[in-house]
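The same chain A turns up in both complexes below, where it pairs with chain B and then with chain C.
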Partner chain A sequence: MAKLTIDGGAIEVADGTSLFDACRLARGEALPHFCYHPDLSIAGVCRLCQVEVEGMPKLTIACNTAVRDGMVVHTRSEKVRKASQQILEMHLINHPVDCPICDQAGECGLQNQYMAYGLYDSQVTQGDKVHKTKAQVIGPEVILDKERCVLCSRCVRFCNEVTKTGELGIFNRGDRAEIGVAPGQQLDNAYSVNTVDICPVGALTSRDFRFQKRVWMLKSADGVCAGCATGCNVRIDHEAGRVYRLKPRRNAQVNGSWMCDEGRHTYKAVHADDRLVEPMWRGQAVTWADAKVRLAEVAAGGFALVVGSAHQALEELCLLKQVAAGAALSGGLAGSDMGVGDDILRSADRTPNRRGLALAGFAEHGAIELAALIRAAKGAILVHGGDPAAAPEVAAALAGRQDVVYVGTHRRATAQAAALALPGATWAEKAGIFVNRQGRAQAFAQAVARPGQAREDWRVLAELLPAPAAAPGSLKVLREAVRAQLALDVDLDRLPADGALTGGEA
Partner chain B sequence: MNPNDVAGQAGPKILSARFGRKDGHRLPVYEQEGGYTALRKVLGGMQPDEVTALVKESGLRGRGGAGFPTGTKWGFVPKGAEQVYFFVNADESEPGTFKDRFLLDYDPHQTIEGTIISCFAVRANLGFIYIRGEFGWLIDRVQKAVDECYAAGYLGKNILGSGYDLEMIVHKGAGAYICGEETGLINSVEGRKGQPSIKPPFPAVSGFLKKPTIVNNVESVASVPWIINNGAAAYRAYGTEKSPGSKLFSVSGPVKRPGVYEIPLGMPFRTFFEDILGGMADGEELKAVIVGGSSVPVLPADEIMACNLDYESLGSAGTMLGSGGMIVIPKRCDMVELIQVLMHFYWDESCGQCTPCREGTGWLHRLVKKLRRGEGTAEDLERLEHVCAGMAGLTICPLSDAAVMPMRSFLDKFRGEFEALIQDQAPVAASSRWPRGERE
Partner chain C sequence: MSFEGLSKESTEKRRSLLESIYLWEVVKGLAVTGRHLVHNIFHTGDMPTMQYPEEKRVYSDRFRGRHRLMKREDGTPRCVACQMCSTYCPADCITITAAEHPDPAIEKYPATFDIDLLRCVYCGLCEEACPCDAIRMDTGIYEIAADSRDKFVVDKEFLLNEQTRGTR
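Presenting the complex of A and B:
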């Protein structure tokens, strides 16, 4: 441990801590910076995190300085304040200040830090600025504006160090230096939008999000990406019932600061045209009251087969098992929703909760096995989530049955095959827990309202219980029941920020 | 420049013995005059640490510009390091500086011998001579000298039967001032963009290929054989207590005898100027001197006349000995025009990674050009000072400071010339508009 004094206060940090991190702790906020990033190498080029260390002749950048026992550091002295102001001014002099048409406005490092530390009078007239290329498409997801760039090199380091694809570079030198891709190349790695996230200014913007919404209009909820079994922690940015984008939330145990481009597009399914937004009885929209009547007709004697899915939350799966009440169980189609994985973040398993499915006691089946289970069912069948009827064998087994109930979010094959289809909620419209491939239980919060007549899945399931009166009254109560059912040693209603391992981890 | 101008000078011949000598660059001539005896002495029984100690004792200071003690730098290589690299920095590109060019042109073997001894001292088995790309003919000359050494057994395996192995590579730079900064130099040899690295770690601990690396200027290395042959005390017999030995000065400008001169450090500028340079050329009058290469502060005639040519005297006068690239400025020169030339240089050569330098060098250049167009205001003079304050001491390498030092000193010492250019006061300048056809 090293004991040091920062701005007059004593602080103790582990040896090897960077002075930047120690200052963040001591100040309660980070030093001004552009190039520093916790998950990238140190570049030390923006020169903004200058601090005064007693005994050193000049100011020094905190990001490239290791703490030493006994160090006395000033981060708010007049000398430091002046240097920060001047360096920020240098960042601004050739910046186009086109904030009114810039997507980054409102979450811009240059705007925010200039307001906090900067000078207020510009000494540069517009005509004196160095101009560079604007709005250049550099890949399927990203647009580059070279004159907004402050050359912090975060995007270059990301492509060199994280994806190791090296598409970006800084070309030319001096004030002609600019970010670019080599001729004939594009920024098309599977993680390219992370460069937009870490770009502190509006130089790199997302083609998907560009001009869709001013960021200060957005509200945020903490989510978990449902695109694969990794479970990257995300921020769901939404407004007026619409999700506009997903941004990674840092979790050093799971995704660091990153997420994949494919995961970012998963919000589009939330607002897809084929959403199931009303209860459907034999293809016709009905009210929930009618649906309950039909349900009583179809499943009067309970269910003979209950089929879960790796897309559903842990609480739902545990409740589904109670609904089954001893009936035959299936976790849905084995090997469904498989894609290409990599050794960065993406799992080949494109479901968010296969570990949770197994934990809740559901085993998946091959299409032929599942079809056999369906044919063997001498009573009603309940399918929750997923789309097992996408497999021709399963579709054939379901064909003609009038006792199939489906609870789900989209009008896909299984919803069409069911006599009664009940609208549930997507991950953006409910709270829940997914267990990722590490076995880590991670909670996600509701971001937007459910469309139409859609309901939280667990409330729908609760009404299907053999004894509805015994249904949990709230998600908190349900979670407590799940904890007991699975014998977990963690409060599922208050999971730690980086999730909790559920045991038996691979 | 006629190198024969050097003849006739009194004082040491530590570095310049073969300047102007026909075939002085050939191995037989060098050997005839005692060449490679220092190497034989070192490999004949000295320990690496003894060599380092001797160089430390001699007080030799780095001749690239910073003046850091050479032996002390060698001592920074971690004990027991398995792989150490050594680089000779011949990327001489500081405006006004052309001494290393003379050393390598007239006497490449002296530098090569010094390099072999230096490599031995820091336990390197691979040495590089990094030569500025524009010095095409020098690269050939040095390569030929290195080839001669391999043939003579001064390089390669088991040198002179000592068991010491050393390979030497002559590397051609691609033409960037910033590659003369040691970490920029290392990056460029590694095949990266030639730009400095953040320190720590320092190259002596983690440099080329992340191994301990020493980078020394040509003139520093070239001084080593003489020190080995003659001892530290003999070296210290020249110069002053804090600036021992001799130093090359490359003198340009309208003096009677411009050229490269070796003088003992501590010589009064007046003596050097009047006796050796012969004073100003006919019809010229001394106005100012940039004494140590374009990056050091300029001194007006009366101030430089009071200085001695050593680290401490020039330091207390507010400038630096630097590389010894002495630019003599005559009365007729327009100081604002001269600073425009320099600001263009630093703007053009900034590598662009650190914001204060990238933006500041361009800003200074634009402001100076504005003044010279007759469009400047009094606020622009304040602004020049303001920009300098935002650049000084805040960057990875000294290029930013190297632009600030001349800018500040020109403004400070010759403010009247700047003020005369300010809008509404200035008669349209009769001076030339340099540089014509400037690239932007």
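Presenting the complex of A and C:
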């Protein structure tokens, strides 16, 4: 342990802690910085984080200094204030006045730090600025504006250290130094948009989000990416019922500060044209009241087979099991939704909750097995989520049946094959819990309103219970029941910020 | 709040006998009306009433009339779709969709730019917020009429066209 004094207050931190982190603890806010990033190596190039250490002849950068016992540090002295102001002014010498057309405006490191530490009058006239290439497409996801770059090298370090693809580099020297890709190369790795997130200014912008919304108009909800079994923690940025982008939320146990590009596009399915927004009876839209009448006809004797899916939340799966009340169970198609994984974040399993499915007691079946289960069912069949009818064998078994009920979000094969299709909610439109590949239960919150007549899945399932009167009154009650059912020792309604392991192999 | 401190007398004026008959007061009032009537018959130019729309009031140059969008030299809108105006607008009546401009030197332009003139309170904050002097309220136009609500929502082409008056 090292004891040091920061801005007059004593603080004790572990040996080897960087002075930057110690100052953040002591001040309650980070020092001004561009190049420091908790999940990248230290570059020490922006020089913004300078502090005064007694006994040192000059100011020193905090990010690249380890704490020493007995250090006396000043972060708010006049000398430090002047230094950060002047460094900031230097960073802005050639910076264009682009804020009106710059997507970063509103969440920009330059803007924020100018307001906090700058507030000087510029000594540079517009005409004297060095101009560089603007709006250059450097990959399928990213656009580069060389003028706006402050050369913090975060993006370069990301491509070198995290993806190890090394597409980006700093070319030339002095005020002509610029970020770029080698000739003939592209920034096209599977994680490229993370460079946009970590770029403290508007030099790197996302082609998907560009100009869609000014960031200050967005509201955020904490979500979990449903793109694969990794379950990266995300922030769902939305406005007026529309999701505009997903951004990674830091969780050192799961995704660090990153998420993959494919995951960022998963929000598009929420607003897809083929969303199921009304109850459908034999292909005709009906009201919920009519749907309930039809349901009573179809499933008068309860269900003979209940099919779950790894796309549904843990609470829903547990409730689905109660709906089954002893009927044959299936977890849906084994091996469906598989893609290519890697050893950074992406799992080959492109479902968010396969571990949860197993935890809730569902076993998946191959297409032929599932078709056999369907043929053997001597009563109504309930399919919740997923799209098992995408497999031709299952579609053939379902064909002609008039007693299939589907609860789901999209009008895909299974919804078409079902006699009665009931609209549920996507991950952006409900709260729930996914259990990721580590067995970590992570909660996600509702971001936007459900479209049309769609309802929360657990409320739809509650109506299908053999004894609807015993249905849980709220998600909180349901979660308590799930906790008891699965014998977990965590409060599912108040999961820790980095999730909770549910046991089993990690 | 209480009115205990106020005396009753202060709110009730004592009337003289003549006043309490009212008749004399009516005659006095009619005399004023008559005086103006006769005066106006012989001095029509002094009348405060205007013969609108044949006659129109002249407003100061600073009068905030209907908005217009300014143009670049090549006739395209000067607006860069930064949405400062729509952010600042207290009536929330400006709707802009931004799009990528083929020229990287311009980069961003408004694909659509609509103002709901019925919701606008003519405060002028939009022109004050604009970093590009792209929206002005110096047209002096105050005659805005239409026969349906949606016609008061004017679009980019309308606001760019110097010839347009009224609504579309």
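Criterion: the second predicted complex is superposed on the first by the 505 of 506 C-alpha atoms of A that agree within 3 Å, B and C clash if a C-alpha of one lies under 4 Å from a C-alpha of the other, contacts with A are read in each partner's own complex, and residues count from 1 in each chain.
The rule we apply is simple: contacts are C-beta pairs under 8 Å (C-beta built on N, C-alpha and C of every residue); 3 or more make two chains touch, one makes a residue touch a chain.
All values derive from a computational prediction rather than experimental measurement.
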| item | value |
| --- | --- |
| Clash or fit, chain B versus chain C on superposed chain A | fit |
| Touched partner set for A:302, first chain B, second chain C, both or neither | neither |
| First, second, both or neither for A:379, with chain B first and chain C second | neither |
| Touching partner for A:43 - first (chain B), second (chain C), both, neither | first |
| Of chain B and chain C, the chain that contacts the larger number of chain A residues | B |
| First (chain B), second (chain C), both or neither touched by A:241 | neither |
| Which superposed partner A:96 touches (first chain B, second chain C, both, neither) | neither |
| Which superposed partner A:361 touches (first chain B, second chain C, both, neither) | neither |
| Which superposed partner A:216 touches (first chain B, second chain C, both, neither) | second |
| Per-pair minimum CA distance [chain C against chain B, superposed on A] in Å | 22 |
| Of chain C, residues touching chain A in the complex | 80-84, 87, 98-100, 104-105, 107-108, 131-132 |
| Sites on chain B touched by chain A in the complex | 176, 178, 193, 195, 198, 200, 347-356, 358-363, 366, 383, 386, 389-391, 393-396 |
| Residues on chain A engaged by chain C in the complex (per definition of touch) | 99-101, 105, 133-136, 210-212, 214, 216-217 |
| Partner chain B, residues of chain A touching it in the complex | 42-48, 50, 58-59, 61, 64, 82-83, 86-87, 89-91, 93-94, 123-124, 128, 130, 150-151, 153, 170, 172-177 |
